[in-house]
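Next, two complexes with chain A in common: one pairs it with chain B, the other with chain C.
Then we have the complex of A and B:
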């Protein structure tokens, strides 16, 4: 299972069809694939458990759906086109905040890609007006909590020799859920102190008050 | 109980409580703040600078403007917001340190009471206006004005702001520039000028082995406090220098002294002469360099005479003289409480005479050199200008007056009648960050950009042998689109006066860029103009050197009045603190919240009284007293403290602002400057701040309590800090105590 789910879906089907010359078998394999997908959807929390050397935090939350100025499709970028989370959220490994990518970064691709799509036209309008879109914040912790992306990426990605950096989204999913299956992000993890604390205990994270409250 | 007996409603109740119970467990209660999805905006950069990472601070160099010392600062900027200030280690003034006033500069910047729009007087009230209207009105009122009818009152000023300000005065043909600072060294500067030929000599605390300070609070308000704090640290190390402080009420410097002597205000000069007498008669030093009249003056201050004039013990006076002789080289300083008398000049001169007798000139008091560009050199403020301005206003000499960096309606004693005489000035323009006592009298109020939003160049008034120009650069975008930088305003005013020389500069930034391109190549290290400018901004300063000068000791004759007025009357000491300064920082909550260095009082005014005096008046801590001078009265709570002369009641500066100033300073304490008599030092014209006789009586107690940090003044027998008498220490441990 673990090997399969790390293979991007499109390639897996292609490999399966190439491996069998009989159509019937292919259909059967496809059926199995569909079952697997259903299983993956059902046990998405279990999917996340596959980050090596890490115990993922438990808990879920059903946040309100926050409308954004542009309905940014995370799925198109991170899932279908397999763009690494850290390509756009480039500050995550360098700073306490992951950062919304600068508009110039969006336009780096979208001055040529998909320029006929209404969402891209809206983006181009922002760009030409020299105004970045005002995104609505979905994931937030109170001001008295000092959360840093940099430390977490270091622990679970950079210092984690067994993790391929291509799979960083599994680490992001600890706190953000499977964003690559979403369009605009929704909050699906509680991000309460208990949620943080249990993960810190399970992964030998610091437990002093001042690590987060300073 | 069977299932059938549970009603639907009960079932829901149980489930409801169960649900709440589950949520309350541990730390999983989601607070409202954690549930704020979609409440805040998050804005990305349109196109980030290469070095900008959101969440990671970038430090920029600038210059502090909280007091006239001109310390270099570094400001941490994140996501376009300045978050923290520290000292710039490259600055020779503060060497990387920053005081609490500097730290609190952020609160002036982000202050909710900042003026956000220009205001113009319509009848009895000030109403919002546009900059065009304000500039138009100023142009109209100054169109045909004669130079003598125009005046500009500022705080201490230097650098290119000073250049533009002078250019504006010249464009009108006016020489009326009044530079006012309540906390100043004006008398010291005059004495140094007269006796040493240099108004601003370099003080080598680091070279001195002992120091006698007559009220010079160099750790708090004297000269350049941060600079002298680092110099003081050197003074106190290997070998440890001895500090003797003489003052009417204890300052931060006094609290650090080895020997603290309480002086009746006005007697400092007599004490200095008495010590001089001891040095000559008992310690074998020569006073041959002094004029005959001063020599005979010193001879007249015998030990008995000095004890009578000062009330200080004979042994103590002899001890101080012996210590200064033994621990040579020494240095003798004089500050606010020594200069604040009608004979203030003489008191400071007597202190300087000690330096001459002790041979300190050229050893611990050196020439400091002169800043190379006279037009940018610092112009330091004083109170003489406040007195003469008040007189000129009363005489109806001015038609148009500008005020910037000053709040004279607050700092002027009521007895000067300034507030009333301002009515004689038909058109008053106030440049200010905040509404205050002076903007309330204005006809036009021009809202200034904060220190953190503005461009500028500054030359610190006290620099140790270097000539640094310190850069002030914006640390962030202005918070309000309707405030303007001081330089920008003056530049616009100059353009409105059709001064063609300034038409090429789009703004003050362009003016400064141009000014820096004209700096002689020898200071540029071969860098291009662009590179030089970038280097200066990154460093925060550039040292353009000083013209070498030398000290020339000159014999100055002076006398010392034997009669010190009514010696039984109480004297009011309006002491200054590094905090509120002259009252300008009372609107910064951090400084209100920071306990006073001496009394630990927060958010309030207080009067320091000696226990014996308090007993006489019949008050205890927290009781209200009425302090009445010939010029007015204030009611204030009492703090009983041994570090104050029994004849003195000390009320620190800063509080007692009018309601319009700030939500944080509103209805808080009293302004001790307000009841001072209009006495001045006869030689310099400086306000005699420490010479107002007052009557102190018990007043009706109010519900208001005196809030202090820290509880008891005693150790309640717990030996928290062990002490040992000096003679026991010498006998058992050996050692070298102050005597």
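Then we have the complex of A and C:
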């Protein structure tokens, strides 16, 4: 009661419900419940708009930057040109690892597109020398962790009928952050056991130790 | 979380035992090893070394009891030692072999003693060992009646696989460091792969789809591995698994301290059954012509 008295709306409720003490309390409780429900509806609506039937994992991380041989612009590809993540990271739905595309896949487009840009010229140089660029690993989990992209993509993308195709990158963003706003991908999520486990609990994932530890 | 897994498991096991049937389990991986077929070639042991990133510790460490073989082939002599009269260092006749890997006991004695719940039972009926959780108290090893747990006394990974031999390591299982207890897992990485594939294809795991390294390698096919919950299904017509068939044929049942055999001449037995650890490995006794 005392908390609500400091709020203009609380005073209004109190004024509106002059009578027995019990009535006032009931009205206040129902008001709080209504507020909570509204907040929940807002929150869930916001989540459902992008990835339905899923609760994204929570956790913050200051982020690490890993230098790459070519400063690959994820934003140009995934955000401006709206290329699906799995066009290049094609193994994500098929195996444990998401995979780095072979240079031939890059050259499939870039033998004709934007050939005057310095980064594409560097790529062409690699291609002509028949040497792949040695990309450095950004998202790495310890040796004792078994993680499959395949099963997660199945749960959140393939079996998720309400998901719209253009929102697939939002699923990837659960663990990889907003990669489509970055140039070179940085590690911006903690990828710790707590981070995984919170998501598993929220989305009814397995909690058996040997599902993920090997 | 580990602790809750531990508690869930015990209640699941007790329920299965009281109601006669372990149907709350997802699978119940088990083995049947025919000692008549075993020729003691140690191929299973070698396969296990290759599959599970086991280090070869060398003669000196082995003598100190620091061997690291998840599957050892024990050798026994059926005929009496001739003593002075024998002509060579080893007896000429009467060797019998017993391949011993973790028996994956359902009422495992190693599990409740772990101070950090690094070992527990999975819903697959496996006795799990989580290496990154283990603190190396070795309590589980002391409590194992079969002595089938092995402790990493040294950092074997530093010099056991000099380059380029580290390329042979299996990426599906971690390379354990010093101070960690380890043991046979029934090749859990293979089970996991098969279960993942089956789930992606929306079907059940088929019989014979999971093979452990030892059963795959055995030249005489002495080791059978499979799901012991795989009963005959009259609706789908799926036959019972080979392991279930062997256990049923030899009248060995899970959850019993003493088998009540109708035909005692059937050869099946479990090691140290009277200890009530309820192992998932059945051996078929060796029969010799006298």
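Note that in this section the second predicted complex is superposed on the first by the 164 of 214 C-alpha atoms of A that agree within 3 Å, B and C clash if a C-alpha of one lies under 4 Å from a C-alpha of the other, contacts with A are read in each partner's own complex, and residues count from 1 in each chain.
Rule of thumb we're sticking to: a residue touches a chain if its C-beta (ideal position, glycine included) is under 8 Å from a C-beta of that chain, and two chains touch if they have at least 3 such contacts.
Predicted model, so just to flag it, every value in this text is computed and none were measured.
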So, after the overlay on chain A, do chain B and chain C clash or fit? They clash
Practice problem: Identify the partner contact of A:116: answer first if only chain B is touched, second if only chain C is, both if each is, neither if none is. | Solution: neither
*Pick one for A:210: touches chain B only (first), chain C only (second), both, or neither.*
second
*asked:* Going by the contact rule set out at the top, does A:151 touch chain B (first), chain C (second), both, or neither?
replied: second
Looking at A:128, would you say it contacts chain B, chain C, both, or neither? Reply first, second, both or neither.
neither
| Which superposed partner A:162 touches (first chain B, second chain C, both, neither) | neither
Query = Which holds for A:142: it touches chain B only (first), chain C only (second), both, or neither?
reply = both
Per residue count on chain A, the busier partner among chain B and chain C is B
*Quick one: classify A:194 as touching chain B (first), chain C (second), both or neither.*
first
Check the residue A:99 against both partner chains and state whether it touches chain B (first), chain C (second), both, or neither.
first
Of the stretches 93-101, 381-389 or 453-461 listed for chain B, the one clashing with chain C is residues 93-101
Going through chain A, the residues touched by chain B and also by chain C turn out to be 142-143, 148, 197
So, in the complex, the side of chain A touching chain B is made of residues 59, 61, 63-64, 66-67, 91, 94-97, 99-104, 127, 130-143, 148, 187, 190-195, 197
So, in the complex, the side of chain A touching chain C is made of residues 142-144, 146, 148, 150-151, 154, 197, 207-211, 213-214
In the complex, chain C touches chain A at residues 1-2, 4-5, 120, 122-124, 126, 128, 130-133, 172-175, 188-189, 192, 196, 199-200
Listed in rising order, chain B residues that touch chain A in their complex are 25-31, 33-34, 36-48, 53-56
